[in-house]
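Two complexes are shown next, each including chain A; its partner changes from chain B in the first to chain C in the second.
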Partner chain A sequence: MDKRLQKIAAIEIVVLLAIWQVLASLEWIPAYLSSPYVVGREMWALLISGDLFTNAASSLYRSLISFLLVMVLGIVFGIVSGFFKPIGTFFQPIVDVLNPVPKIALLPILMVWFGISDTTRILLIFLTAFFPCFIATKDGVHGVKQVFVWAAENMGASKLQILWKVVLPASLPKIFDGLRVSLGLTFVMMFSSEMIGSSNGLGLGFMILLADMAGRTDLMFVSVFFIALLGFLFDRILLAVRARLLWWSENRG
Partner chain B sequence: MENMTPAIEIEKLGKVYTRGKEEVTAIQEISLKIPEGKFVSIVGPSGCGKSTFLHIVGGFIPKSSGKVRIRGKEVDKPGPDRGMMFQESALFPWKNVFDNVAWGLEIQGMEKSKRDEIVEHYLKLVNLWDFRKNLPSELSGGMKQRISLARVLAFNPDVLLMDEPFGALDAQTREKMQVELQRIWQESNKSVMFVTHDIDEAVFLSDIVVVFSGRPAVVKEIIEIDFQRPRTLDVHKTQEFMDIRNHIWDLLHQNQGSSDEEGM
Partner chain C sequence: MKKGWKWLIEYQSLIWIVVAWELVVFLQIMPERLFPSLSKVLVVAFELITTGMLIDNLPITLFRVFAGFALAAVVGVPLGLLMSRSKLLNDLVQPIFSLGFPVPRVALYPILVFILGLGSASKITMIFLECLFPIVLNTYYGSTRVGKLYLWAAQNMGANRSQVFWRVLLPATMPSIFTGLKIALPMAFIIAILTEMIGATAGMGYLLTYMSASLMQEKVLACVVLITVVGYLLNLLIQKIQQKYVYWQ
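Here is the complex of A and B:
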């Protein structure tokens, strides 16, 4: 992003916070909407005590494990399904049926199997975030120019070498598009999956649940804000990795 | 003795496609021998299956019948004994020019020092050594095809297969590339099978021009061309050149048939 846009973004956020503060101070908005000052004060307190970090760590552990699974399985599975037609055809109906199902609907079943546990949460996040990565990867493989594969075969490359050294790099731009959607969903589902309760009493989503029960909207805002911050941060990390790996591509930014 | 075995021998090659319930014969039955060290062009009306034919020789598309032999050895899969140059650039956009040319050698497990030497040799042969650090996307169409040629030559195939490699270039670049190709070919001494729809290009470059009929393809005529080498572009102006050219033109425009479908 260029400097000017960054400035505009910063000003925008400051102005919005100011309006919120003014409205809250004048008591023109109900008390349950809290105010930036109160939210900031609570956030500071939670930062000092370290509670925010232990909660965030618990949430991040769940979502990052899920995202790692999505990355590995989504890419491997997507490439294999895209490259070997019979495998792709075999899995297509399963994917077509499962993809549009809101995975949160599977929660009761998962809870019967695994209880209110991290396994349930990680599975739920994984199931949601898997499909965008898988589908984008498979599409990416289908989009690989036939002449790339032919040229590699011509030079005596094996199937495995073609997959690893031609198909994977050639579909990488598409794969990153999918990963970005998956990462966003990972954070959405991290949040939702913790609203069912937390086995260790930790998690940013669980914080919201607790705050809600205690009628502490200020704490809810702290949690929402922190989730937004983490989501933003990890998106930037992903973009940086993409720029690094796709230095050769026109759509690296 | 070794001159007895042709570089490429095609025996009764046929190709039938199944389109829905219909069977379409793309190539009727073609037998062809390409002697060692010769430059052979294949011309034919568009959609006649000449490109399909070359892809079959390269092993990229399965044939329906017949045999392909490279220096006496039967082949039906792609392999480094036949270096294929495609119409569209097949350079890997994520590798720079040097690494693209080195790719095939690396796959074959050649040690780095030897690899680097070969890559340098061929990049200098095509006059693009100065661009070794560039990405393919930073090069012009003509440069990309020269790099492709260097990449193919680098893994030292027995024969070169070229599928309208200059088809996407403008007329002037094209002529320059033809002169370049002649020079590089003469230095490398490879047998070449070159597919084109451009009669002038075929006559200018070739020792032998094979004329295909419209779909289904059969060999209509084989024409030997013996202008002295190296040829200059001036050869276009000679009466003999124009006679050959006109003769091929007539062959291509006789009973063109219903070959309205685009080929590969």
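Here is the complex of A and C:
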């Protein structure tokens, strides 16, 4: 997004907030839709008391641990099963069957096995976010030019060196495409795993659940805004890392 | 016979998983209440079908999935195409999609429930919102990448605007549109299950939470199996449609 579009985006957000505020102050929309002023005030109060940070921190802890697991396991498994064909074909049917399953359906089962705990949530987020990363990595490895691999072999590189120095960098652009989808999913599942199964503890999704039960839509808007903000920020961070690592690649995020 | 053998080898990993699962049950490594055998799960799944539980809930979920998905396609495809044609529209809409894309939009669902209630309306709106993004973005990028040469050639040969659009631009964008639709349909199904699990009185997601309240793992697993089959079939459906209409790819 270039500078001009950023400016338009900023204007659009301000206009939307203004319309919302005007509608709310004229009481043309029902009171439960709150208003930007009230939401802002509540957000400030929560920021001062630090509640927002503790909730956001425990949500982030879950989603970032899962994302780290996805990154490591997804890329390693993706490269191994993309490079060594027999391993790839062995696991392919499992991936085909598990990929389209809405992983959230596994929540009741995981809850019975591991309890209503962080383990369950991290596992659920991991299961959802793993497949896009794995599939993109595998695709990326398949797209690596055979000539590169042959050249490395000719120059006497070992299998490990080929994987680390040739295959991994060459498939990085694809890997980042997959990681971006995975990152988005970790935030979706972070919210869902906290909403469903009456969790108790800390978390932004739990904040929404509590506010919902109390009928406090203003607090719901605060948490929704914060989840959106976190999702947006981490996407930007990923794109920045990508731009730094892939300076040689033509299509930068 | 040889074909069957080849098939077995290709799908051996699934068979190994089933064998491992049954071994865990047989050796009673996990208590059976928590880890029921797969044959039992299949029997329960079959019971769910014959007792009409599936017929009561599946059509409701599918209706929500297809309503939201169809709305998103009907709005998203023209919007994406127009964005690539009109600079003004692109300037207005592009920032919203760029900002909204990385945001977890499901978080809005509880607020949608406040506005639209717990029924189908809030769920269809959520599915629509979630599907709109991949459809619009893929259509837009697809149609901006249509080779200028095709458009020039068509114009040179005297095609008017609507002919260029229907005969050249739309078919050339078709593969990208289907890429978007292929991302959106499984997404629609996931959101349907998710929103039904958060709160509903009917649907597959509701059936799942209802069964999990019984604390009988074989019933929950049977639901998961049925949901998996439906998800797999939906995937297959969109692939078949793509093969039929984008046969030149």
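Here is the rule we use: the second predicted complex is superposed on the first by the 248 of 253 C-alpha atoms of A that agree within 3 Å, B and C clash if a C-alpha of one lies under 4 Å from a C-alpha of the other, contacts with A are read in each partner's own complex, and residues count from 1 in each chain.
Convention: contacts are C-beta pairs under 8 Å (C-beta built on N, C-alpha and C of every residue); 3 or more make two chains touch, one makes a residue touch a chain.
Predicted model, so just to flag it, every value in this text is computed and none were measured.
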Should A:S249 be classified as contacting the first partner (chain B), the second (chain C), both, or neither? first
Is A:F191 touching the first partner chain B, the second partner chain C, both, or neither of them? second
Examine A:F90 and indicate which partner it touches, taking first as chain B and second as chain C; both and neither are also allowed. second
Looking at the overlay, does A:Y32 come into contact with chain B only (first), chain C only (second), both, or neither? second
Looking at A:P169, would you say it contacts chain B, chain C, both, or neither? Reply first, second, both or neither. first
Between chain B and chain C, pick out the one touching the greater number of residues of chain A. C
Identify the partner contact of A:I48: answer first if only chain B is touched, second if only chain C is, both if each is, neither if none is. neither
Contact residues of chain A, present in both the chain B and the chain C interface: none
Which positions of chain B touch chain A when the two form their complex? 58-60, 77-80, 82-84, 86, 88-90, 92-95, 103-104, 107-108, 135, 137, 151-152, 155
Listed in rising order, the residues of chain A that touch chain B in the complex are 145, 147-148, 150-157, 161, 165-166, 169-170, 172, 248-250
Chain A residues within the chain C interface of the complex: 1, 4-6, 8-9, 12-13, 32-33, 89-94, 97, 100-102, 104-109, 111-113, 180, 183-184, 187-188, 190-192, 195-196, 205, 208-209, 212, 217, 220-221, 223-224, 227-228, 231-232, 234-236
For chain C, which residues count as touching chain A in their complex? 10-14, 17, 34, 91-92, 94-96, 98-99, 101-104, 106-108, 110-111, 113-115, 186, 189-190, 193-194, 197-198, 205, 208-209, 211-212, 215, 217, 220-221, 223-224, 227-228, 231-232, 234-235
